[in-house]
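Shared between the two complexes below is chain A, which pairs with chain B and chain C, respectively.
Up next, the complex of A and B:
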């Protein structure tokens, strides 16, 4: 219904919108998100023809190019076929006319009906948005912010326009009013093509069918809203989602380093992007279809940095069986599992410290056949026990400096400087006395931090941390974790975080992989898994994760159900059903069968494969009912 | 839903189109207090002056020609032999009766003298107020909505030119040019004496005489309204509700007047009230320049003849006029702005 082609807009010569291409069909609600100043409002106004700056390109509405239409014709389209609700609610209504009059005027101005019919229509619409008789006769100063917003919506939809543009429809409203307005808007937008401009991602999530991310005047990612939210593919989209405080995702408030600017050559995001390559600063990437998404990125969105697939056995004991995982750029993957599930083996295999039976490892897309010196420059590991990472015969300086010596980076002075810097980063003193200490002079926490400093000193891209903070007390652990998250935010460090502590994983990871007896049984976005675990093993882990609350006050057995905010999937935790055979550890079936409360005959005979159950994967025959529907 | 809208129809119509018009009590009380203060001053000033109050009220020369009987009677009338409180009471009472004193020059009650001249002044100021506000507003709206374009620049330039002139100076210039030089209009008076016009001819004659003094007043008063309207228009046009109006698809003219102009009218009306006292003094001067038979000329004559009661009466009447006009403008304002009307 509305097609935007190569739209460019500029104010006083500064180009704000650069080559926007969009298509909007009836029934579609497209949300445009992006941080302040990216040009979202500018886009909306350009479609309305109310831009103060200049625009070029084409805006096709019902086959007509609006940009070349004479002003009189555009005026007749405005408010009748294309309507917009503007950002500023407070002064959006004329202070001297009643609400009803203002809504009526919108009808009368187009000369569609007489006064009586216009009034009737205005009343209907005001009723629809939830303003009763008394309030529709009021003047703007007598209404609250939410009511004004409703009035403005009524004003825009009174002529039943084909295209509705909503600019920040829920900004500065409290949560309940926001929910009501969203409900109203959902009803209204059903029959139209709508553009919802917002920086409030939850509004976009509630209202829109599709989502476009605008950055620096370009659309960097576009796709169906659900897909975009669970699996952002552009680095900026991910940063945006991470910054947004909410009840769903786990690692919120992380932020994106740097600031947006409109004076950027090449990819608009490149000054802030942690995976940029040379071409990024020279050429703007063109939007291209990648799976179910449109992405404008030279690297096709967030790149998979480390792809692992391996099996390993010690004699007859299969420790890792076809474990597959992918670590993306700037992402934390938490590997969860009880002790003995093979977490450390996996880490060591990846690092080449153990020889795998079968392996396929790719670093930045390139297959790794030999662990070269460059490999270790890109990927570093911190062990569970600092004694494994640092030699008792080297002092702190030697320990941290050694990787620099091996990779021959800079002269002695620079190396010393770098050592001090990295020690400072992990909150250790950089003075000479400390540098001369030997491991047996250090406390456990200090030794671990020295190990971390050693791993970070080369600025690796991937860090594999194996229980590396479990020996530290909680406050030191918190500092180290914050340090890692900061490095991730600044440099796009990818972290594989191996832990048995689910609470910790929930705080710091983007994705979670649950390992059980050398197999991954569930894998996906952390929030999804924490709030709706599908595998019974995952649920058990969640059930016993640390809590800070009074346990005595809680009725026994209700723990898990409460935590997941959903009582519906509790059925599989009921008493164990009758079985043909007693479950045993050596069974060929599901590795969890001997402990699973939902176990059925099939579980004992057959091993469930890891199957996609979008946006995650799970290896279970009988996941809770409500999720089966979603999985296809 | 359809039906319920139908049934609600009638009451809504009535309510929307009936404007709330109650002026709030507080502002009426303000006016009464202001009036009382002025009356009190009028009462006390001659009595607090050194010497005989009668002398202060009537002036030296008047007292010279006054007979003792008359003096006796006046003393009695002003209750000058009574305590101050009673004097005040009788002063207010006589005002209520419309007794402003006696003009010895005209040898008639002051009120009667004034009422012969007042209509002309009212006509002149009233018209000047309305015309200067309307024209200034119209020009301001047109100019403000074309900010920086040729029409705006020409208007702004030429109107700024007048803004510095005092009214009487403008009057003299007009009189010299149109009256003396071009002989297009009469040089004095409000009507051609003894012409015996009636009906339309009378109106034409009246306007003919009125044209120049009115033009002098309007031209000078216009500038303030114009400048205020123009600058308010410019800010108003940047407001969010104007954008909303544009998004509705309102044509330019409706945005200019119904939306921006309506909002701009508020400060213009307020300013008109504040400026009215100035306009009245301007009128007095202009009347003298054009020998227009209004209160200005009368005041001038009473000054020349030192007819103090007449002078005091004129000033009092003018004060009451200024207050009344301000009151009316307040009522008008409260009709314009629902935010004022509702907060009683």
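Up next, the complex of A and C:
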């Protein structure tokens, strides 16, 4: 219905929109999201023909190019076929006329001459948006913010336009009003093609079917809303989602480094991007179709940095069985599992400290056959106990400098400079007194920071943290984790976080992989798994994750009793029925069969494979029924 | 965490005695020209002179000053002891560390070689080898080293096997460190105390074996040696000379060996925390 081709817009020579290509069909709601200043409103105004700057390209509406059509024609279309709900409710309404009168005016302008009919139509629409007759006679200053927003919506939809442009329809509204407005908008937009311009991602998520992310005047990612929310593929989209406070994702808020600028050569996002390469600053990437997405990125979106598939056994004991995981750039993957599930073995195998029976490891897309010194430059590990992993014969300087010595980077002065820099990064003093300290002079938190500094000194892209904070106090742990999250934000560090602490993983990870007896049994976005665990083992882990609540004050069975996802209150593990024939360790069945509440005969005989159950994967024959298992 | 081995050793009784004896012998050897006016090979007087102001321990059968020969004999003993200790230690480290780090077939072959060398009686082979080649001090050092390294290699290998499983070594491996880096930066520094103990032990055995071999006549004929002195002295036991010829030499040798033994014993106590506790130095 509306097609935008190569749209460019500029004010006083400053290009705000660059090569926008969009297509809007009837029934589609396309949300355009992005930081303020990315050109969202400019895009809406360009479609309306209300732009003060210069516009080139094509905006095709029902086959007509709006940019070349005469002003007369545009005026006819504007408000009648393409209408806009303007941002800023305070300024959109005329203070001297009643709401009803203003809505009527919109009808009368577009040709309806009968005043009575116009009033009837206006009343209908006002009713539709939730303003009754009495309120519609009021003047703008007598209305609340929400009511004004409704009035503005009525103003836009009264002529039943084909295309509706909503510019920040929910900005500055409280949550309940927002919900009502969104409900109204959902009803209205059903039959139209709509463009929702917003920085409020939750509004976009609620309203739109598709989502376009605008950055620096270019569309950087475009796709179906649901997909985009669970699996953003452009670094900027991910940054936006991470910085947006909401009740769905569980990871701590993270921002995007740097600030936006319009005078950027090449990809508009590259100064802030943590995975930029040389070409990014030279030329702007063209949008390309990647799966079900349109992504404008030279690297094809967020790159998978580390892809691991390995098996490892110690004698007859199979510790890792065909474990497969992918770590993307700038993401935290938490590996969760009880002790003995193979977490540390996986870390050591990836690092080459243990020889795998069978492995396929790709680092930045390249297959790793031998672990050369360059491999270790890209990927580093932090060990569990800092006191042990730092040699007691080395002081802080020697410890942090050791990787530099091994890699023979620079002369002594440069090394010292780098050591001070990296110590500074982990918030440790870089003065001579500290550099001369030995591990036993350091507190646990300091020692772990030194260990982190040592792992970071080579500037790796991947960090494998093996229970790195489990030996520390909660308060020290919090600081260390903050530090790691900040580093991730700043330089796009990918972290494989190995832990048995689900509560911790929830706070810091983007994705979660649950390991059980050397197999991954569930894997997917953290919030998805925490709130809707499918595998019974995951559910048990969640049920027993640390809580901070006084359970005695909340009688069992009440709404506030301990939240459990397995549908029971209290100790479901104790209530687990013991099987008559417990599956032996070598049995071919499901590894969780001997502890599972919902175990069936099939679980004892066959081992479930990991099956895609979008957006996650789960290895269980009988996940809760309300989830549709998709075959891949 | 850091054990001060020096303090541990020199504050214990045996440690003090051992170090004292060693220092005494070493000083005597080093300062030999100052402590006597004669040359060891010079004929300085009549044979079989009793101790006097000119000849503190009298003279031997050809009129050489016994005190002088005793002092210069210490040089030979210590040179052989030190040389053997260093050479065999190097061999021990080389074989022990490489076996532990490389492992596999190489490790097994090397350890069987060690087993084989340990059961060969050194004296007989030394006699045969010396008879075949012309005996001299360097040859003796090499020969003795070849017999002494296997024991040390076993100890070093065992310790390296344990050290290479330590976290700092793992950590260094994750920085891409090669075996040599691990060896020189992590393993050998941690082997330190054990290496010192090995040196002392090897030196003790070398001193004793050198004396024994030269007693049997396996030695450089131009070099003064305690073993040779005792063997000569034994020929004249029917005279009184043995009192100032045989006895002082035997005593000096025993004291040197005891010096090494006591120092080694004290070191072992310091190295083994359990022994240290019993010795009452746990809180030092």
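The working rule: the second predicted complex is superposed on the first by the 571 of 632 C-alpha atoms of A that agree within 3 Å, B and C clash if a C-alpha of one lies under 4 Å from a C-alpha of the other, contacts with A are read in each partner's own complex, and residues count from 1 in each chain.
Criterion: a residue touches a chain if its C-beta (ideal position, glycine included) is under 8 Å from a C-beta of that chain, and two chains touch if they have at least 3 such contacts.
Please read all numbers here as calculations on a predicted model, not as lab measurements.
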item: Three-chain arrangement built on chain A, chain B and chain C clash or fit; value: fit
item: Which superposed partner A:48 touches (first chain B, second chain C, both, neither); value: first
item: Partner chain(s) touched by A:491 [first = chain B, second = chain C, both, neither]; value: neither
item: Contacts of A:106 with chain B and chain C, given as first, second, both or neither; value: first
item: Touched partner set for A:440, first chain B, second chain C, both or neither; value: second
item: Chain B versus chain C as contact partner of A:155, first or second or both or neither; value: first
item: Partner chain(s) touched by A:403 [first = chain B, second = chain C, both, neither]; value: second
item: Contacts of A:83 with chain B and chain C, given as first, second, both or neither; value: first
item: Overlay on shared chain A, then closest C-alpha pair between chain B and chain C (Å); value: 62
item: Residue ranges of chain A in contact with chain C within the complex; value: 348, 351-353, 371-377, 380-381, 383, 385, 388-394, 402-403, 405-407, 440, 451, 454, 458
item: In the complex, chain A residues that touch chain B; value: 48, 50, 75-80, 83-84, 86, 88, 90-96, 98, 100-101, 105-106, 109-110, 119-120, 123-124, 127, 133, 137, 139, 141-142, 152, 155-156
item: List of chain C residues in touch with chain A within their complex; value: 1-2, 166-168, 170-178, 181, 185-186, 189-190
item: Chain B residues touching chain A - in the complex, by the definition given at the top; value: 1, 5-6, 8-9, 12-13, 15-16, 239-241, 243-251, 254, 259, 262-263, 266, 336-339, 342
